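Can you keep this structure in mind? I'll have questions shortly.
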Amino acid sequence: MSLLAVRDLAIAAGRHLLVEDIDLDLSEGEVLGLVGESGSGKTITCRALMRLLPEGQLRITRGSVALNGRDLVPLSEAAMRKVRGVEVGMIFQNPNSHLDPVMRIGDQIAESVRYHEGASRADARKRAIDLLRQVGIPDPAGRISAFPHEFSGGMRQRAMIAVALACRPRLLIADEPTTALDVTVQAQVLRLLLDLRDRLGLAIILVTHNLGVVAQTCDSLAVMYAGRVMERGPKRDLLRAPAHPYTEALLKCQPGSAAPAAQLPAIPGQPPLAGVFPEGCRFHPRCPRAAGICRERPALLPAGGKRLAACHFAAPPRAA
Amino acid sequence: MHRYAFVLTRPLQLIPVLFGISILSFFLVKSIPGDPVRLLLGTKSTPEAVARIRAQYGLDESLPVQYLHFLENLTRGEMGHSLLYKMPVLPLIAERVLPTFLLVVGSVLLTLLIAVPLASLAALKRGTAADHAIRGFTTAGLGFPAFWLGIMLIILFSVKLGLFPVAGFGEDALTMLHHMVLPCLTVALALSAIVTRNLRASMIAELASDHATAARAKGLPESWVFRRHVLPNSLIPTINLLAINVGWLIGGSVVVETVFSLPGMGQLLVRAIFTRDYMVVQGVTLVFACATVLLNFVADLLTVAADPRVKL
Amino acid sequence: MSAEALSRGNWLGRGFATLGLGHANLNLVLGGAIILGWALIAVFAPWIAPYDPIAHNLPEKLLGPGLSHPLGTDNFGRDILSRVIYGARIDLQMGILGVLFPFLIGTTLGAVAGYAGGWVDILLMRILDVVLAFPFLVLMLAIIAILQPGLTSFYIALALVGWVSYARLVRAQVLVLKTSDFVLAARSLGFGRLRILFRHILPNCIAGSIVFSMSDVVLVVLAGSSISYLGLGVQPPTAEWGVMIAEGQNFITTAWWITTFPGLAIVLMAFGFSLLADGLAERFGLRQP
């Protein structure tokens, strides 16, 4: 059984569906890359998995999020609190703003231990030191009483990982964890995540718009565009031979791809604005292969190997 | 440099301001129309007596020299004599520090006691009837004259309900406290309007902040997030706001002391103005200015203590 | 925006929203109406007021609110309603003149200092620091002590003390605008310094001062009535709200109406100016300082 199974998830702002038809699967120890341009719905999908959508603005309208076989969508807020931080940890793009500036790092790690496990101050402190050591912060016992602004950007991101792992969750959702960091620090943080995966058997959802990050770290991949999953499957297959034209276009835009840097192509046109998505395949106005049939919505179907693609032209091999 | 190093350096930076305060206070009394000596001796004084007093007080010197004498006297705690009370000004003021001090400190504490719950309620129940009522209070409360509010409180709590004394200051700690309740409440009601308004806005911003979201992602309940993350962060600008309003607070206490006949520095000032007791006016003004500077310094200390990022 | 106006909405807000006026305008309209009302009362006081505000009428002293005297009478038998109506003349005048002088002085000094820079600016900032070190009301009282208690002294003291807020506000904005493109353009066209300052820079930074002056009116009215209450401003028997409250304080056990109604008048006038300030701040896209 997979650790996490998302089925047919849809999120709306008022009457506008921002995200729909989201299907994701994740097993123990797997790293899933959730890829897409900004505005494709990656971040609100992650928030929806934690049921942390801003109240009164966004809500889940359909679908299920099964964690260890239990659907989180119908859970009460109180039951959900026992999931957040305990079964699923979350780290964010900007460690500067997501750590409380006036609380000591150690206390920010310890508070969920104290709340969820009722640990004593001393035990929680010990756990905090241990966690800081695990995420590779030197002199953890000394750094525990530091404030976030006394840490460098990379250290802050490590500290946030320690906060997220405080109650030993099985799943970590990492929302663009390296975007705000220097390139050298990015690699260190990614290595740390993989290291934690290996040591703790952690499953990770890694949200990113950087395919280079994906290539280095992920086992499988889900490509999102305009609120839908375009293609998903094992990383190797998707990167080597993308079935969806959008994945293909995305790959071509990456520096270091086949094309010389001087003529790095861009995908023509603009991604659609939320709520005014085109009919049928949402990529078709920008797709080089678009045809009349693309005005009908393609389903996410097997497209060779273990991959699934939502494109009328990503024909399954048997049909060929 | 250590974060609290400004405790040592700030007094040096304040020297120009303190000089300015002393110059302004000096010229305040110098600009009194008429001859201060004739004022002192009365109109029937002989020219010889006038000349003697002039020499005695150094009034025949040039202005800069007189100012230096003034400064020299100040360093010795010498602020001249009160005509009305027939005693040196400094001890006269010292006798009256306590009620004013209690009034200012008590008002600030009471303000927080009123503003924090109200702002929390309004921010957490945003858009509800309670929020509208609290916002109405913050808009209207700005325009409540403290002296009138004090009288209304007297009518309600002292005259009708008989809960608190109408005026005056007690002898022992307990009766003093009893006498201070209404004056403090008067100032606090007016001040809490502006503090509540400001605090509500920063709480709403903090509730929507990234670190509050991160705290919710840890599975902490909303009450915990509010108490441990939202509240400490939103109180920081409030300290600053209180610092800006120190001058207003002291001015308000002058009026409120008169309303409640509290024997504090404000009442001393008002009486001195009526009786043309200029040395007392000068002394009280000087002390109030220094108190303002000191309280701003305290606010800086509190800011540094509350916000680890701040360096001064 | 309109959604927010609705969510804040009482029935009045919704009414104005459907008329195409946003929440900012609701503040402006309501505040403007209150102040206009007071202005009309002040101008037409002799025609509106049922009684003479000053003449004693001892047989009718200390009457509670009733048919012949809607707000009651004071210890000299004077009609409280008439005195409140006449008081509007004084208090409105205090608010407007009391802001006008500091506004003109502060704006000019702040603009000149910010534009000239150098020692002029340094000197101004030092003076600002010193004046701001004094509690506003205490310094005003000290100045009034030297002059004579009275309305004129109040205006002089206010002009001497109140200009600092405006000077600081305008100076900060002039410093920003001084280096802006359009000022550089004007300078390159060879316009004179004074022309640039008063024709190009000042009009662009006056909005903040105007908004501030509206909330400042509230403070000035409160200061003026407080000082009059203390007996150092407007002198009896003139009908002024602060004076009336002071006179009524001796009778709070028997005649609450003498103090209550003038205070409510101050609150209502201050509320009107507060609403105007909020409305203007939103109209100009400024938050209040």
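Going in written order, the chains are labelled A, B and C, and every chain counts its residues from 1.
One rule holds in what follows: a residue touches a chain if its C-beta (ideal position, glycine included) is under 8 Å from a C-beta of that chain, and two chains touch if they have at least 3 such contacts.
Here the structure is a predicted model, which means the values were calculated and not measured.
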Contact pairs, highest-scoring chain pair: B-C
Farthest chain (mean CA position) relative to chain B: A
Separation of mean Cα positions, chain C and chain B [Å, integer]: 22
Between chain A and chain B, centroid-to-centroid distance (C-alpha), Å: 53
Rounded Å distance, chain A centre to chain C centre (Cα mean): 56
Sites on chain B touched by chain A in the complex: 208-211, 213-221, 224, 228-229, 232-233, 236, 306-309
Residue numbers on chain B that touch chain C, as the complex places them: 16-17, 20-21, 23-24, 28-29, 31-33, 127, 132, 139-140, 142-149, 151-152, 154-155, 159, 246-252, 254-255, 258-259, 269-270, 272-274, 276, 278, 281-282, 284-285, 288-289, 292-293
Residues of chain A that touch chain B when the two form their complex: 50, 52, 54, 80-86, 89-90, 92, 94, 97-103, 111-112, 115-116, 147, 149-150, 160, 163-164, 166-167
Complex contacts: residues of chain C adjacent to chain B: 7-8, 10, 126-127, 129-139, 141-146, 149, 215, 218, 221-223, 225-226, 229-232, 242, 245, 248-249, 252-253, 256, 259-260, 262-263, 266-267, 269-271, 273-275, 278
